[in-house]
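Which chain is which? They are A, B, C and D, in the order written, and residues in each are numbered from 1.
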Amino acid sequence: MNIIENFDLFAPRLVDKKEYFCSGHRACQGCGEALAIRLMCKALGPDTIIANGTGCMEVISSFYPTTAWDLPWIHLAFENAAAVGSGVEAGLKALRRKGRIPDRDVKVVAIAGDGGTMDIGIQSLSGAMERGHDMLYVCLDNEAYMNTGIQRSSGTPMGAATTTSPAGKVVPGKQEWKKNVPEIMVAHNVPYVATACHSYPLDFMNKVKKARKVKGPSYIHCLSVCPTGWRSASEETIKLGRLAVETGMFPLYEVEDGKYKITIEVDELRPIEDYLNRQGRFSHLTPDQIENIQDRVYQEYNKLMDKVNGLHSWSDLKYEWGLFE
Amino acid sequence: MKKKKWPETWQEMNPGCMVFEPASARSYLTGSWKAQRPVWDDSKCIKCGICYIFCPEGCVSQDEKGFFRADLDYCKGCGICAHECWPGAIEMVEEG
Amino acid sequence: MIEIRWHGRGGQGAVTSIEMLALAAIEEGVYAQGFPSFGPERRGAPVAAFNRIDDKRIKLRHAIYNPDVVVVLDASLVGLVNVLEGLKPEGTLVVNTTKSPEELKKELNFKGTVATVDASHIARQELGVPITNTTMLGALIKAVQPIKLKSVEGPLKERFGRLAPRNIKALKRAYNELKIS
Amino acid sequence: MAKRVGMEVGIAAAEAVGMCNIDMAAVYPITPQSHIAEHLSEIVADGRIDAEFVTVESEHTSISCVSGASATGARVYTATSSQGLLYMHEILPIVSAMRLPVVMANANRAISGPINIWNDHSDIMPQRDAGWVVFFADNGQEVVDMTIQSFKIAEDDDVMLPVCLNMDGFQLTHTVELIEFPDQKKVDKFLPPRKPFATLHPDNPISMGTLGMPEIYAESRKSQDEALKNSKKTILKVWDEWEKMFGRSYKPVETYLAEDAEILLLTMGSMSETAEIAIDELRKKGLSVGLVKLRLWRPFPFEELKAAVKKAKLLIVTDRAVSFGGSGGPVFIEIKSALYHEKERPLVYNSIIGLGGRDVQVTDFMKIVEDAAKAGEKGIIRDYEFYGVRG
């Protein structure tokens, strides 16, 4: 098997060489989330302001009196990355209009983890998306509250053992399906929504670049492998992300003006065991339980493919973002 | 002059704990975390740069000849580069 | 100081009345307050609103318990709420009703001054709706002269724009048609 | 030219904000603050000022949103009340710790439960330690003046702290009264555009809201405490400037017939003016009584308060909030502890009054003072009382 299928061989040379998220940050060995941020920043470039929700990435990057960021960066609290980001956007907009700062396109990007986005932060996220700020929101989803010690979130997949959804004698890990936040964002009529993973860096960076160009809100949901929380080998971070996509556990797609498109095609889904077996958090699952999860994965994948094959783009419908802009 | 790790007095604190020096986290050397380090066999390297792109630390860079090396001051020894290097040019070697 | 209590129903615009009266008084150069009863009452429910007018700065910040004047925007409230509550014995009651002041005086057994006008009829004729807040302002001004009739025109023009002339006409009619006993 | 108008105080608060050349506001509606939100959005929608008005989905977001905008260097404003302020509670200390000069109005209202939309101070008192500058306004004129002053104080390089201006819900916000609006040109001179200390912009990438390890956390708190205490200098300077330009004087502790009084009553907010009438009445009855009005709640004006009360024999502190299971209302606790080391100090009593919209009339203030005077003469140490509570 060629492990870099779908990967343009020498393309890494084309990416921005500057590191906006610099060495010296204190993420765990093999942290997928730190890698995702590093790649995201390269795609965004220097004219970017980051609003970060509390979580691993905020903690590991901002030990006063130092910072890992070579971009303007702000953090207030756990659940308000979207709220702070929308304020930054509104502030810049007014100051630019009034000639108090250079008239230059500066993109505001709000980032938070799955807990900060899908659970405690979903209200501020929904509000910001509904208001239509010119802001990209990136959810770095490592499928549990890793910063506080691997507690279950609504992003945790069915069956996964966490410290609050343990694999008990009676209850085998988390008993609920993962919340589909990208779909909730699509329901907000956001012009650009995508899923991504650091294991497909060019796909991820292209999506970030696309989202950066959107005049209005956009959302990227980035699966970020966490070796600590998933109880996987640190060197397998990239591989696990790839397996999540190849098994259909986490399909990579984008929704542009309402039109779904798979960006990483998978000819035939691999069995989910290939993915689950490499992670300690699923090690307690019985074959029956795995089969149950497998059925749901197929079902969700087929639902997605229906949308990919069936929908018009809003641009076909003469949709325009904003009444008077 | 050695840079102070912490402000010594409250008077030295920046207002709002703002940090005015970007990328100053580089003063913290995470290289001490690693139990193994990557070693490149340049004869097998095809200079694709996959090790560079997948490094969570951003500590892999290309030298003048186009070969890649990790800055061991920051490399945490996660092993991703060696695992992802499909021509097999990187080997993880135990520290010490 | 003169203290006035207005009775109306939510949606009948008692709050506009107190605002217009306060603005007119302030325009005249005296001091005034206007404030609603601070409640969650909805459209239709009986509500009260208050005015204080004085030639000195007004420091009182609490509700009005012993008004000099009570204005009732809607005759149906008379039997429903005790419109006389706390009204000074020598005070004035101004009611939108078809009844004569003498009739009402007897009915309520009130010894002070009573003034009545069929404001609903005037409002229907002049404004096309039985909203009596501006009309009854004319009745109040006639009854106790808290301000000059002319002073209220400015605030009404600002508030009602092209509808102001009709409101002013209704207000003047109530002023002229008010019967006092 | 200054303009003398009749206006609802809530509307006037928004008009005052409209005179301050703000860049951005985010206000979430809540009774009795909503008229501020409505009228400010109207001012923006009519193009009377050039600002972004962000219609947020909660108070948690309004405070977060204005903080984000403030970090870019914008002049920002928000307003809230009661449960809304409590919903902001998590973010309030972060705003001050990050030294963001946010200006916020709080239309004082009781907190649930039971749910109650009427006026008292139980919303602001739990925010005591949030590190904000906290003012109380007594009337509509003060609301307008202090709104404008708040921006100048908050944004001063020697302050860089958020300011919360308290105005009693309904009693002030919903009352139409006489207000003199200062001349716009003079306001522009008094309050030039904000010159931020540091801003969030790619031209100079800084990090704001960093992680404080145990090694520096205490130093960061100390530096913030010093900043808040130090802000009093600027507050006094700004008030001095205001008086010179606009003729109206503001002090951290205001007094009324207090200089020679043996008994002092202490109030905050809109009840202070009603209490003045009670003082007049009591003086007529021959009581040596005066009033102390606390305008500045944080930083607490220790010197001014001590000076104002040191000659009195009895000080009756009124509180409009409860500190459950504590030794009295929050203002009382503060003042009693402030006087502990004073050689000259009055006996201090505490009446908890005006909770959840319970009206306090002139006669109530008189009764409170007269009852206390009797006990005070005998030097009796009294526990705090819930004045007028049935049962």
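Note that a residue touches a chain if its C-beta (ideal position, glycine included) is under 8 Å from a C-beta of that chain, and two chains touch if they have at least 3 such contacts.
Keep in mind it's a predicted model, so treat the numbers as computed, not measured.
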Shared chain contacts [subunit A and subunit D, defined touch]: B
Chain pair whose interface holds the most contacting C-beta pairs: A-D
Rounded Å distance between subunit B and subunit C, as computed from the means of their C-alpha atoms: 79
Subunit A and subunit C: spacing of chain centres that average the CA atoms, whole Å: 62
Where subunit A and subunit B are represented by their mean Cα positions, the distance between them in whole Å: 24
Centre-of-Cα separation between subunit D and subunit B, whole angstrom: 51
Per-residue overlap in subunit B, given as positions that touch at least 2 other chains: 6-7, 17, 19, 22
Where subunit A touches two or more other chains at once, by residue number: 62-65, 67, 69-71
In subunit C, residues with contacts to at least two other chains: none
Chains that touch, pairwise: A-B, A-D, B-D, C-D
Of all residues in subunit B, those that touch subunit A in their complex: 6-7, 14, 17, 19, 21-30, 33-34, 47-50, 52-59, 71, 73-74, 76-80, 82-84, 86, 92
Contact set on subunit D toward subunit B in their complex: 97-100, 160, 197-198, 204-210, 212, 215-216, 218-220, 222-223, 226-227
Residues of subunit C defined as touching subunit D within the complex: 18-19, 22-23, 25-27, 31-36, 38, 40, 58-63, 65, 155
Partner subunit D, residues of subunit A touching it in the complex: 46-49, 51-52, 58-59, 62-65, 67, 69-77, 79-80, 83-95, 97-98, 100-102, 106, 123-124, 126-128, 130-131
Sites on subunit D touched by subunit A in the complex: 23-24, 26, 50-52, 54-58, 60-61, 64-74, 76, 90-91, 94-95, 98, 193, 199-213, 216, 220
